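First subunit A sits with subunit B, and in the next complex the same chain sits with subunit C.
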Partner chain A sequence: MIGGTDLVFWIRDDVPAADVILRTVRRKWPDYVFQDADDPSMPSKSARGWLPRPSGREFFIYYDLAAARSWHEDGATSENLNTMIYVVLGNRTRPAANLRSITIVCGELSGEMRALMDEIQMSIMDITRSMRGLMEKDAA
Partner chain B sequence: MSVTSIQDRLKIAIMTSGETWLPESPEAVQRQLLDQIAQEIGAFQTEYKKRFGDEPDPFGLLATDPLMGRAFFQMDTLRTSVEIKIMVWRLLLGCEFRRIHFDYDSDGKTVLTFALKTPYGEEEHYRGEPFRDFGVLRHLGMYATVPDNQFRVQGYYAFK
Partner chain C sequence: MNHFTNKKGFDAIRATPSWRFRGSQPPDPRNHPFGAYFTTLSPETPNLAIRLRIPRRKLEYHFSFVDQNDLSPLDNDRGEWIFYSPTDYDVVRARQTAHGRTYES
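And now, the complex of A and B:
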(Lines of atoms letter the chains of each structure in order from A and count residues from 1; the text may use other names and numbers.)
(Lines give C-alpha, C1' and ligand atoms only; values in the text may rest on other atoms or scores of the structure.)
Protein backbone atom coordinates (compact mmCIF):
# COMPACT_ATOMS: atom_id res chain seq x y z
CA MET A 1 0.00 0.00 0.00
CA ILE A 2 1.08 3.56 -0.58
CA GLY A 3 -0.68 5.11 2.38
CA GLY A 4 -2.95 8.10 2.00
CA THR A 5 -6.68 7.89 1.48
CA ASP A 6 -8.67 4.87 0.31
CA LEU A 7 -11.89 5.66 -1.52
CA VAL A 8 -14.16 2.71 -2.08
CA PHE A 9 -17.38 2.85 -4.02
CA TRP A 10 -19.65 0.30 -5.62
CA ILE A 11 -20.69 0.31 -9.25
CA ARG A 12 -22.63 -1.91 -11.60
CA ASP A 13 -20.36 -4.62 -12.94
CA ASP A 14 -20.96 -3.57 -16.56
CA VAL A 15 -19.79 0.02 -16.14
CA PRO A 16 -16.48 0.52 -18.03
CA ALA A 17 -14.85 2.23 -15.08
CA ALA A 18 -11.26 2.09 -16.37
CA ASP A 19 -12.20 4.07 -19.48
CA VAL A 20 -14.12 6.66 -17.46
CA ILE A 21 -11.31 7.05 -14.93
CA LEU A 22 -8.59 7.36 -17.58
CA ARG A 23 -10.51 9.95 -19.60
CA THR A 24 -11.28 12.01 -16.51
CA VAL A 25 -7.70 11.90 -15.23
CA ARG A 26 -6.35 12.72 -18.72
CA ARG A 27 -8.43 15.90 -18.79
CA LYS A 28 -7.04 17.03 -15.43
CA TRP A 29 -3.51 15.64 -15.89
CA PRO A 30 -2.76 15.92 -19.65
CA ASP A 31 0.83 14.67 -19.23
CA TYR A 32 -0.24 11.68 -17.15
CA VAL A 33 1.78 8.46 -17.05
CA PHE A 34 0.04 5.10 -16.93
CA GLN A 35 1.44 1.91 -15.42
CA ASP A 36 -0.08 -1.52 -14.95
CA ALA A 37 0.41 -2.62 -11.34
CA ASP A 38 2.05 -5.87 -12.42
CA ASP A 39 4.62 -4.03 -14.53
CA PRO A 40 7.67 -3.42 -12.33
CA SER A 41 9.57 -1.35 -14.89
CA MET A 42 10.06 2.35 -14.59
CA PRO A 43 7.53 4.15 -16.87
CA SER A 44 9.54 5.87 -19.57
CA LYS A 45 7.04 8.18 -21.22
CA SER A 46 3.81 10.09 -20.87
CA ALA A 47 0.64 8.27 -21.89
CA ARG A 48 -0.23 11.11 -24.31
CA GLY A 49 -1.86 9.40 -27.26
CA TRP A 50 -4.53 6.73 -27.47
CA LEU A 51 -5.99 5.61 -24.17
CA PRO A 52 -4.07 2.77 -22.54
CA ARG A 53 -5.94 -0.46 -21.84
CA PRO A 54 -5.07 -1.85 -18.41
CA SER A 55 -3.89 -5.46 -18.59
CA GLY A 56 -5.38 -6.26 -15.20
CA ARG A 57 -7.53 -4.88 -12.46
CA GLU A 58 -4.89 -2.69 -10.84
CA PHE A 59 -3.02 0.26 -12.26
CA PHE A 60 -1.24 3.47 -11.34
CA ILE A 61 -1.72 6.89 -12.88
CA TYR A 62 0.96 9.50 -12.24
CA TYR A 63 0.61 13.24 -12.76
CA ASP A 64 3.58 13.28 -15.15
CA LEU A 65 6.90 11.59 -15.85
CA ALA A 66 8.69 13.42 -13.05
CA ALA A 67 6.07 12.17 -10.60
CA ALA A 68 6.44 8.60 -11.88
CA ARG A 69 10.20 8.80 -11.44
CA SER A 70 9.83 10.23 -7.96
CA TRP A 71 7.49 7.44 -6.86
CA HIS A 72 9.80 4.82 -8.35
CA GLU A 73 12.93 6.18 -6.75
CA ASP A 74 11.68 7.51 -3.42
CA GLY A 75 8.28 5.96 -2.80
CA ALA A 76 5.71 8.18 -1.13
CA THR A 77 7.07 11.49 0.08
CA SER A 78 5.39 14.62 1.32
CA GLU A 79 6.23 16.26 -2.03
CA ASN A 80 4.83 13.63 -4.37
CA LEU A 81 1.89 12.35 -2.33
CA ASN A 82 -0.77 14.01 -4.49
CA THR A 83 0.83 13.15 -7.84
CA MET A 84 -0.34 9.56 -8.18
CA ILE A 85 -3.50 7.50 -7.84
CA TYR A 86 -3.67 3.74 -7.51
CA VAL A 87 -6.81 2.13 -8.93
CA VAL A 88 -8.12 -1.33 -8.06
CA LEU A 89 -11.15 -2.45 -10.07
CA GLY A 90 -13.53 -5.11 -8.82
CA ASN A 91 -11.48 -6.77 -6.11
CA ARG A 92 -14.73 -7.24 -4.24
CA THR A 93 -18.12 -8.09 -5.69
CA ARG A 94 -21.73 -8.30 -4.63
CA PRO A 95 -22.99 -10.75 -7.24
CA ALA A 96 -26.61 -10.66 -6.09
CA ALA A 97 -26.72 -6.96 -6.85
CA ASN A 98 -24.40 -7.10 -9.91
CA LEU A 99 -22.02 -4.73 -8.19
CA ARG A 100 -18.25 -4.58 -8.01
CA SER A 101 -16.00 -2.34 -5.98
CA ILE A 102 -13.64 0.34 -7.16
CA THR A 103 -10.90 1.36 -4.81
CA ILE A 104 -8.86 4.46 -5.51
CA VAL A 105 -5.92 5.19 -3.28
CA CYS A 106 -4.66 8.75 -3.35
CA GLY A 107 -2.79 11.20 -1.13
CA GLU A 108 -4.56 13.91 0.76
CA LEU A 109 -8.18 14.37 -0.19
CA SER A 110 -8.08 18.12 -0.59
CA GLY A 111 -7.72 20.76 -3.28
CA GLU A 112 -7.13 19.44 -6.81
CA MET A 113 -7.05 15.82 -5.65
CA ARG A 114 -10.48 16.23 -4.05
CA ALA A 115 -11.81 17.75 -7.30
CA LEU A 116 -10.34 14.88 -9.32
CA MET A 117 -11.86 12.23 -7.06
CA ASP A 118 -15.23 13.99 -7.04
CA GLU A 119 -15.22 14.22 -10.82
CA ILE A 120 -14.36 10.54 -11.23
CA GLN A 121 -17.21 9.57 -8.92
CA MET A 122 -19.58 12.01 -10.63
CA SER A 123 -18.79 10.76 -14.13
CA ILE A 124 -19.20 7.11 -13.12
CA MET A 125 -22.48 7.91 -11.36
CA ASP A 126 -23.81 9.82 -14.38
CA ILE A 127 -22.93 7.03 -16.80
CA THR A 128 -24.51 4.47 -14.48
CA ARG A 129 -27.64 6.61 -14.35
CA SER A 130 -27.74 6.77 -18.15
CA MET A 131 -27.41 2.99 -18.39
CA ARG A 132 -30.13 2.42 -15.84
CA GLY A 133 -32.44 4.88 -17.59
CA LEU A 134 -32.09 3.09 -20.90
CA MET A 135 -32.56 -0.32 -19.30
CA GLU A 136 -35.78 0.85 -17.68
CA LYS A 137 -36.91 2.29 -21.00
CA ASP A 138 -36.14 -1.00 -22.77
CA ALA A 139 -38.05 -2.97 -20.16
CA ALA A 140 -41.12 -0.71 -20.40
CA MET B 1 -12.81 -17.94 -42.60
CA SER B 2 -16.04 -19.41 -43.95
CA VAL B 3 -19.23 -17.38 -44.24
CA THR B 4 -20.86 -19.56 -41.59
CA SER B 5 -18.09 -19.15 -39.05
CA ILE B 6 -18.07 -15.38 -39.56
CA GLN B 7 -21.79 -15.33 -38.96
CA ASP B 8 -21.44 -17.53 -35.87
CA ARG B 9 -18.75 -15.30 -34.47
CA LEU B 10 -20.82 -12.23 -35.16
CA LYS B 11 -23.92 -13.76 -33.61
CA ILE B 12 -22.03 -14.54 -30.40
CA ALA B 13 -20.56 -11.02 -30.33
CA ILE B 14 -23.98 -9.41 -30.77
CA MET B 15 -25.54 -11.58 -28.06
CA THR B 16 -22.58 -10.91 -25.73
CA SER B 17 -23.21 -7.22 -26.19
CA GLY B 18 -26.69 -7.57 -24.71
CA GLU B 19 -28.77 -7.93 -27.88
CA THR B 20 -30.53 -11.06 -26.64
CA TRP B 21 -33.42 -10.83 -29.13
CA LEU B 22 -31.30 -12.19 -31.99
CA PRO B 23 -31.73 -15.97 -31.43
CA GLU B 24 -35.48 -15.49 -31.17
CA SER B 25 -35.64 -14.23 -34.76
CA PRO B 26 -36.37 -16.71 -37.60
CA GLU B 27 -33.24 -18.44 -38.94
CA ALA B 28 -33.56 -16.93 -42.40
CA VAL B 29 -33.90 -13.43 -40.97
CA GLN B 30 -30.88 -13.99 -38.74
CA ARG B 31 -28.76 -15.18 -41.67
CA GLN B 32 -29.73 -12.22 -43.82
CA LEU B 33 -29.11 -9.75 -41.02
CA LEU B 34 -25.78 -11.27 -40.01
CA ASP B 35 -24.63 -11.36 -43.63
CA GLN B 36 -25.48 -7.68 -44.05
CA ILE B 37 -23.77 -6.70 -40.79
CA ALA B 38 -20.65 -8.73 -41.68
CA GLN B 39 -20.41 -6.92 -45.02
CA GLU B 40 -20.80 -3.55 -43.36
CA ILE B 41 -18.11 -4.32 -40.77
CA GLY B 42 -15.84 -5.36 -43.65
CA ALA B 43 -16.54 -2.06 -45.43
CA PHE B 44 -15.78 -0.18 -42.22
CA GLN B 45 -12.45 -2.02 -41.75
CA THR B 46 -11.45 -1.37 -45.36
CA GLU B 47 -12.27 2.33 -45.23
CA TYR B 48 -10.62 2.77 -41.82
CA LYS B 49 -7.43 1.14 -43.04
CA LYS B 50 -7.45 3.36 -46.11
CA ARG B 51 -7.69 6.50 -43.96
CA PHE B 52 -5.55 5.62 -40.95
CA GLY B 53 -3.32 2.74 -42.05
CA ASP B 54 -4.27 0.11 -39.50
CA GLU B 55 -7.17 -2.31 -39.56
CA PRO B 56 -9.57 -2.15 -36.61
CA ASP B 57 -10.43 -5.44 -34.91
CA PRO B 58 -13.79 -5.16 -33.12
CA PHE B 59 -13.76 -8.88 -32.25
CA GLY B 60 -10.33 -8.48 -30.68
CA LEU B 61 -11.55 -5.53 -28.63
CA LEU B 62 -14.52 -7.54 -27.41
CA ALA B 63 -12.15 -10.33 -26.32
CA THR B 64 -9.62 -8.10 -24.55
CA ASP B 65 -11.90 -5.37 -23.19
CA PRO B 66 -15.47 -6.68 -23.21
CA LEU B 67 -17.01 -3.65 -21.51
CA MET B 68 -15.77 -1.39 -24.31
CA GLY B 69 -16.10 -3.97 -27.12
CA ARG B 70 -19.80 -4.42 -26.37
CA ALA B 71 -20.44 -0.84 -27.44
CA PHE B 72 -19.39 -1.69 -30.99
CA PHE B 73 -21.65 -4.75 -31.26
CA GLN B 74 -24.85 -3.16 -30.06
CA MET B 75 -27.35 -2.60 -32.86
CA ASP B 76 -27.26 1.18 -32.56
CA THR B 77 -23.63 0.98 -33.68
CA LEU B 78 -23.89 -1.92 -36.12
CA ARG B 79 -26.66 -0.24 -38.10
CA THR B 80 -24.67 2.98 -38.60
CA SER B 81 -22.99 4.14 -41.79
CA VAL B 82 -19.29 3.43 -42.38
CA GLU B 83 -18.54 7.06 -41.53
CA ILE B 84 -20.10 6.84 -38.08
CA LYS B 85 -18.60 3.40 -37.37
CA ILE B 86 -15.22 5.01 -37.96
CA MET B 87 -16.13 7.78 -35.54
CA VAL B 88 -17.21 5.24 -32.91
CA TRP B 89 -13.95 3.37 -33.29
CA ARG B 90 -11.97 6.60 -32.89
CA LEU B 91 -13.93 7.31 -29.69
CA LEU B 92 -13.22 3.82 -28.36
CA LEU B 93 -9.52 4.39 -29.02
CA GLY B 94 -9.51 7.60 -27.02
CA CYS B 95 -10.80 10.56 -29.04
CA GLU B 96 -13.02 13.08 -27.28
CA PHE B 97 -15.96 15.13 -28.50
CA ARG B 98 -15.21 18.73 -29.27
CA ARG B 99 -18.58 19.67 -30.81
CA ILE B 100 -21.86 17.94 -31.60
CA HIS B 101 -24.49 19.61 -33.75
CA PHE B 102 -27.95 18.12 -34.05
CA ASP B 103 -30.36 20.27 -36.03
CA TYR B 104 -33.82 18.85 -36.37
CA ASP B 105 -36.32 20.52 -38.67
CA SER B 106 -39.71 18.89 -39.08
CA ASP B 107 -40.20 20.68 -42.41
CA GLY B 108 -36.68 20.46 -43.71
CA LYS B 109 -33.37 18.77 -43.40
CA THR B 110 -32.12 17.13 -40.20
CA VAL B 111 -28.39 17.26 -39.69
CA LEU B 112 -26.11 15.52 -37.17
CA THR B 113 -22.43 16.38 -37.21
CA PHE B 114 -19.57 15.64 -34.84
CA ALA B 115 -16.14 17.15 -34.36
CA LEU B 116 -13.71 14.95 -32.44
CA LYS B 117 -10.40 15.86 -30.92
CA THR B 118 -7.70 13.22 -31.21
CA PRO B 119 -5.23 12.74 -28.32
CA TYR B 120 -2.72 14.50 -30.56
CA GLY B 121 -4.87 17.64 -30.80
CA GLU B 122 -6.11 17.18 -34.37
CA GLU B 123 -9.76 17.69 -35.23
CA GLU B 124 -11.79 15.13 -37.19
CA HIS B 125 -15.27 15.70 -38.64
CA TYR B 126 -18.08 13.20 -39.11
CA ARG B 127 -21.59 13.59 -40.51
CA GLY B 128 -24.40 11.21 -39.63
CA GLU B 129 -27.08 10.03 -42.03
CA PRO B 130 -30.66 10.64 -40.88
CA PHE B 131 -32.23 7.85 -38.87
CA ARG B 132 -29.63 5.07 -39.26
CA ASP B 133 -26.89 7.04 -37.49
CA PHE B 134 -28.88 8.87 -34.87
CA GLY B 135 -28.97 5.92 -32.43
CA VAL B 136 -25.37 6.66 -31.49
CA LEU B 137 -26.63 9.58 -29.44
CA ARG B 138 -27.93 7.04 -26.91
CA HIS B 139 -24.39 5.86 -26.19
CA LEU B 140 -22.62 9.05 -25.26
CA GLY B 141 -21.27 9.41 -21.74
CA MET B 142 -22.46 12.64 -20.12
CA TYR B 143 -21.47 14.19 -16.85
CA ALA B 144 -20.79 17.43 -15.01
CA THR B 145 -17.26 18.55 -14.23
CA VAL B 146 -16.06 19.35 -10.72
CA PRO B 147 -15.87 22.00 -9.37
CA ASP B 148 -17.19 24.18 -12.22
CA ASN B 149 -20.26 22.02 -12.98
CA GLN B 150 -19.77 22.22 -16.74
CA PHE B 151 -21.72 19.77 -18.89
CA ARG B 152 -19.44 17.42 -20.83
CA VAL B 153 -19.93 14.59 -23.29
CA GLN B 154 -17.23 11.97 -22.97
CA GLY B 155 -16.73 8.47 -24.35
CA TYR B 156 -18.91 5.94 -26.15
CA TYR B 157 -20.45 3.15 -24.10
CA ALA B 158 -22.68 0.10 -24.26
CA PHE B 159 -25.86 1.26 -22.62
CA LYS B 160 -27.82 -1.95 -22.32
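And now, the complex of A and C:
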Protein backbone atom coordinates (compact mmCIF):
# COMPACT_ATOMS: atom_id res chain seq x y z
CA MET A 1 0.00 0.00 0.00
CA ILE A 2 2.98 2.27 -0.41
CA GLY A 3 5.29 2.97 -3.31
CA GLY A 4 8.07 5.30 -4.33
CA THR A 5 11.42 6.26 -2.92
CA ASP A 6 11.37 8.83 -0.13
CA LEU A 7 14.34 11.18 0.02
CA VAL A 8 14.78 13.58 2.91
CA PHE A 9 16.54 16.90 2.41
CA TRP A 10 17.37 19.39 5.16
CA ILE A 11 17.10 23.03 4.25
CA ARG A 12 17.57 26.28 6.14
CA ASP A 13 14.35 27.57 7.56
CA ASP A 14 14.61 30.90 5.72
CA VAL A 15 15.18 29.39 2.26
CA PRO A 16 12.14 29.38 -0.07
CA ALA A 17 12.21 25.62 -0.51
CA ALA A 18 9.36 25.22 -3.01
CA ASP A 19 10.83 27.94 -5.20
CA VAL A 20 14.26 26.26 -5.23
CA ILE A 21 12.78 22.88 -6.12
CA LEU A 22 10.51 24.20 -8.87
CA ARG A 23 13.31 26.23 -10.48
CA THR A 24 15.56 23.18 -10.45
CA VAL A 25 12.99 20.78 -11.86
CA ARG A 26 11.97 23.08 -14.69
CA ARG A 27 15.54 23.09 -16.00
CA LYS A 28 15.25 19.33 -16.50
CA TRP A 29 11.53 19.11 -17.25
CA PRO A 30 10.72 22.30 -19.27
CA ASP A 31 7.13 21.19 -19.96
CA TYR A 32 6.48 20.32 -16.34
CA VAL A 33 3.00 20.42 -14.85
CA PHE A 34 2.36 21.59 -11.30
CA GLN A 35 -0.47 20.57 -9.01
CA ASP A 36 -1.25 21.28 -5.37
CA ALA A 37 -1.86 17.94 -3.67
CA ASP A 38 -5.23 19.07 -2.32
CA ASP A 39 -6.48 20.12 -5.75
CA PRO A 40 -8.76 17.34 -6.98
CA SER A 41 -8.95 18.56 -10.57
CA MET A 42 -6.81 17.25 -13.37
CA PRO A 43 -4.16 19.88 -14.32
CA SER A 44 -4.84 21.26 -17.76
CA LYS A 45 -1.69 23.10 -18.75
CA SER A 46 2.05 23.10 -18.44
CA ALA A 47 3.72 25.55 -16.06
CA ARG A 48 6.22 26.48 -18.79
CA GLY A 49 7.03 30.19 -18.55
CA TRP A 50 5.79 30.79 -15.03
CA LEU A 51 6.65 29.68 -11.55
CA PRO A 52 3.71 28.29 -9.54
CA ARG A 53 3.17 29.15 -5.89
CA PRO A 54 2.07 26.11 -3.90
CA SER A 55 -0.91 26.79 -1.67
CA GLY A 56 -0.02 24.12 0.86
CA ARG A 57 2.78 21.92 2.11
CA GLU A 58 2.36 19.21 -0.53
CA PHE A 59 2.52 19.37 -4.30
CA PHE A 60 3.16 17.23 -7.35
CA ILE A 61 5.42 18.00 -10.29
CA TYR A 62 4.77 15.97 -13.45
CA TYR A 63 7.13 15.63 -16.38
CA ASP A 64 4.44 16.88 -18.79
CA LEU A 65 0.68 16.84 -19.39
CA ALA A 66 0.66 13.24 -20.59
CA ALA A 67 2.34 12.20 -17.35
CA ALA A 68 -0.21 14.15 -15.29
CA ARG A 69 -3.04 12.48 -17.18
CA SER A 70 -1.53 9.05 -16.67
CA TRP A 71 -1.11 9.54 -12.91
CA HIS A 72 -4.66 10.81 -12.56
CA GLU A 73 -6.20 7.98 -14.50
CA ASP A 74 -4.13 5.05 -13.26
CA GLY A 75 -2.02 6.11 -10.27
CA ALA A 76 1.43 4.52 -10.35
CA THR A 77 2.24 2.24 -13.27
CA SER A 78 5.49 0.68 -14.49
CA GLU A 79 5.45 3.18 -17.38
CA ASN A 80 4.95 6.43 -15.46
CA LEU A 81 7.06 5.77 -12.35
CA ASN A 82 9.75 8.32 -13.18
CA THR A 83 7.45 11.04 -14.51
CA MET A 84 6.28 12.61 -11.25
CA ILE A 85 7.76 13.77 -7.98
CA TYR A 86 5.76 14.43 -4.85
CA VAL A 87 7.11 17.16 -2.59
CA VAL A 88 6.23 17.43 1.10
CA LEU A 89 7.48 20.55 2.86
CA GLY A 90 8.04 19.01 6.25
CA ASN A 91 7.40 20.03 9.82
CA ARG A 92 10.45 18.33 11.26
CA THR A 93 13.18 20.66 12.43
CA ARG A 94 16.74 20.68 13.67
CA PRO A 95 16.49 23.92 15.64
CA ALA A 96 20.17 24.08 16.59
CA ALA A 97 21.10 24.23 12.91
CA ASN A 98 18.03 26.22 11.83
CA LEU A 99 17.01 23.44 9.44
CA ARG A 100 13.71 21.92 8.46
CA SER A 101 12.93 18.83 6.46
CA ILE A 102 11.62 18.28 2.97
CA THR A 103 10.64 14.84 1.70
CA ILE A 104 10.61 14.23 -2.03
CA VAL A 105 8.99 11.01 -3.18
CA CYS A 106 10.20 9.86 -6.57
CA GLY A 107 10.35 6.68 -8.61
CA GLU A 108 13.39 4.56 -9.23
CA LEU A 109 16.50 6.36 -8.03
CA SER A 110 18.65 5.81 -11.09
CA GLY A 111 19.51 7.52 -14.38
CA GLU A 112 17.71 10.81 -14.99
CA MET A 113 15.80 10.67 -11.71
CA ARG A 114 19.04 10.29 -9.77
CA ALA A 115 20.48 13.25 -11.71
CA LEU A 116 17.40 15.35 -10.90
CA MET A 117 17.59 14.56 -7.19
CA ASP A 118 21.34 15.32 -7.15
CA GLU A 119 20.64 18.64 -8.82
CA ILE A 120 18.00 19.52 -6.22
CA GLN A 121 20.50 18.69 -3.48
CA MET A 122 23.10 20.92 -5.17
CA SER A 123 20.61 23.78 -5.53
CA ILE A 124 19.76 23.58 -1.84
CA MET A 125 23.47 23.63 -0.94
CA ASP A 126 24.16 26.53 -3.31
CA ILE A 127 21.40 28.75 -1.98
CA THR A 128 22.34 27.92 1.60
CA ARG A 129 25.95 28.93 0.89
CA SER A 130 24.95 32.13 -0.88
CA MET A 131 22.56 33.15 1.92
CA ARG A 132 25.24 32.46 4.52
CA GLY A 133 27.62 34.61 2.48
CA LEU A 134 25.12 37.46 2.40
CA MET A 135 24.58 37.27 6.15
CA GLU A 136 28.30 37.27 6.84
CA LYS A 137 28.66 40.28 4.55
CA ASP A 138 25.86 42.07 6.41
CA ALA A 139 27.43 41.26 9.76
CA ALA A 140 30.79 42.65 8.60
CA MET B 1 -6.67 4.37 10.56
CA ASN B 2 -7.22 3.06 7.01
CA HIS B 3 -5.92 0.34 4.76
CA PHE B 4 -6.53 0.21 1.01
CA THR B 5 -6.43 -2.87 -1.14
CA ASN B 6 -7.85 -4.62 -4.20
CA LYS B 7 -10.69 -7.17 -4.30
CA LYS B 8 -8.42 -10.13 -3.62
CA GLY B 9 -6.88 -8.45 -0.58
CA PHE B 10 -10.29 -7.28 0.62
CA ASP B 11 -11.68 -10.82 0.59
CA ALA B 12 -8.62 -12.26 2.31
CA ILE B 13 -8.53 -9.67 5.11
CA ARG B 14 -12.21 -9.96 5.99
CA ALA B 15 -12.25 -13.74 5.81
CA THR B 16 -11.93 -13.98 9.61
CA PRO B 17 -13.79 -12.07 12.37
CA SER B 18 -10.53 -10.32 13.30
CA TRP B 19 -9.12 -8.60 10.27
CA ARG B 20 -5.59 -9.79 9.55
CA PHE B 21 -3.39 -7.44 7.51
CA ARG B 22 -0.47 -9.44 6.22
CA GLY B 23 2.94 -7.84 5.93
CA SER B 24 4.59 -7.62 2.53
CA GLN B 25 7.65 -6.05 1.03
CA PRO B 26 7.03 -2.69 -0.69
CA PRO B 27 8.77 -2.18 -4.06
CA ASP B 28 11.84 -0.44 -2.62
CA PRO B 29 13.19 -2.50 0.30
CA ARG B 30 16.00 -0.01 1.03
CA ASN B 31 13.40 2.67 1.58
CA HIS B 32 10.38 0.99 3.07
CA PRO B 33 10.67 -1.97 5.44
CA PHE B 34 8.65 -5.16 5.21
CA GLY B 35 5.32 -4.72 6.90
CA ALA B 36 1.61 -4.06 6.78
CA TYR B 37 0.98 -0.44 5.78
CA PHE B 38 -1.77 1.95 6.86
CA THR B 39 -2.68 5.60 6.51
CA THR B 40 -4.67 8.21 8.33
CA LEU B 41 -5.64 9.65 4.93
CA SER B 42 -9.33 9.00 4.38
CA PRO B 43 -10.87 7.46 1.25
CA GLU B 44 -12.05 10.96 0.27
CA THR B 45 -8.55 12.45 0.22
CA PRO B 46 -7.82 14.11 -3.14
CA ASN B 47 -5.18 12.39 -5.26
CA LEU B 48 -4.85 9.51 -2.83
CA ALA B 49 -3.21 7.07 -5.28
CA ILE B 50 -0.65 9.72 -6.23
CA ARG B 51 0.12 10.53 -2.59
CA LEU B 52 0.60 6.86 -1.76
CA ARG B 53 2.29 6.27 -5.13
CA ILE B 54 0.35 3.13 -5.83
CA PRO B 55 -1.80 1.92 -8.74
CA ARG B 56 -5.29 3.38 -8.54
CA ARG B 57 -6.83 -0.10 -8.67
CA LYS B 58 -5.29 -0.81 -5.25
CA LEU B 59 -7.61 1.79 -3.73
CA GLU B 60 -10.70 -0.09 -4.80
CA TYR B 61 -11.54 -1.33 -1.28
CA HIS B 62 -10.74 -0.05 2.16
CA PHE B 63 -10.82 -0.95 5.83
CA SER B 64 -11.10 1.58 8.67
CA PHE B 65 -10.42 0.93 12.32
CA VAL B 66 -9.65 2.63 15.61
CA ASP B 67 -5.96 3.35 16.06
CA GLN B 68 -4.33 2.22 19.29
CA ASN B 69 -0.99 3.97 18.72
CA ASP B 70 0.97 0.78 18.19
CA LEU B 71 1.96 1.43 14.55
CA SER B 72 5.27 2.99 13.51
CA PRO B 73 5.35 6.14 11.36
CA LEU B 74 7.50 6.22 8.24
CA ASP B 75 10.82 7.85 9.04
CA ASN B 76 10.24 10.94 6.88
CA ASP B 77 7.59 13.59 6.33
CA ARG B 78 5.11 11.06 4.94
CA GLY B 79 5.26 9.57 8.45
CA GLU B 80 2.67 12.16 9.43
CA TRP B 81 0.08 10.01 7.65
CA ILE B 82 1.68 6.67 6.70
CA PHE B 83 2.28 4.00 9.36
CA TYR B 84 3.29 0.36 9.34
CA SER B 85 3.51 -2.75 11.43
CA PRO B 86 6.68 -4.81 10.88
CA THR B 87 4.62 -8.00 11.29
CA ASP B 88 1.14 -9.16 10.36
CA TYR B 89 -1.38 -6.95 12.11
CA ASP B 90 -4.70 -8.07 13.58
CA VAL B 91 -7.69 -5.83 14.25
CA VAL B 92 -10.34 -7.28 16.53
CA ARG B 93 -13.99 -6.64 15.84
CA ALA B 94 -14.33 -4.01 18.58
CA ARG B 95 -11.88 -1.78 16.71
CA GLN B 96 -13.40 -2.22 13.25
CA THR B 97 -15.37 0.81 12.08
CA ALA B 98 -15.95 0.43 8.32
CA HIS B 99 -15.00 -1.56 5.25
CA GLY B 100 -16.14 -1.74 1.66
CA ARG B 101 -15.75 -0.26 -1.77
CA THR B 102 -13.81 2.99 -1.92
CA TYR B 103 -15.20 4.37 -5.16
CA GLU B 104 -17.17 3.36 -8.22
CA SER B 105 -14.65 2.07 -10.74
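Just a few scattered comments:
As a working rule, the second predicted complex is superposed on the first by the 136 of 140 C-alpha atoms of A that agree within 3 Å, B and C clash if a C-alpha of one lies under 4 Å from a C-alpha of the other, contacts with A are read in each partner's own complex, and residues count from 1 in each chain.
In the analysis below, a residue touches a chain if its C-beta (ideal position, glycine included) is under 8 Å from a C-beta of that chain, and two chains touch if they have at least 3 such contacts.
As the structure is a computational prediction, the values presented were derived from the model and not from experiment.
In this overlay on subunit A, subunit B fits alongside subunit C without clashing. In the superposition on chain A, contact of A:W50 is made with subunit B only, not with subunit C.
Taking the Cα centre of subunit A as vertex, the centres of subunit B and subunit C in the superposed model span 150°, given to the nearest 10.
Of the two partner chains placed by the overlay, only subunit B lies in contact with A:M122; subunit C stays clear of it. Touch criterion not met for A:E79: it reaches neither subunit B nor subunit C. Superposed on chain A, the gap between subunit B and subunit C at their nearest CA atoms measures out to 21 angstrom in whole units. Residues of subunit A that lie in the contact sets of both subunit B and subunit C are absent, per the superposition on chain A. Every residue of subunit A that touches subunit B in the complex is listed here, in rising order: 14-16, 18-20, 23-24, 26, 48-51, 53, 115, 118-119, 122-123, 125-127, 130-131, 134-135, 138. Interface of subunit B with subunit A (complex): residues 64-65, 67-68, 70, 93-94, 96, 119-120, 138, 141-147, 154-155, 157-160. Here subunit A touches subunit C in the complex through residues 1-6, 8, 35, 37-40, 58, 60, 71-77, 84, 86, 88-92, 101-103, 105, going by the rule given at the top. Considering their complex, residues 3-5, 26-28, 31-32, 37-39, 46-47, 49-59, 74, 76-78, 80, 82, 84 of subunit C touch subunit A.
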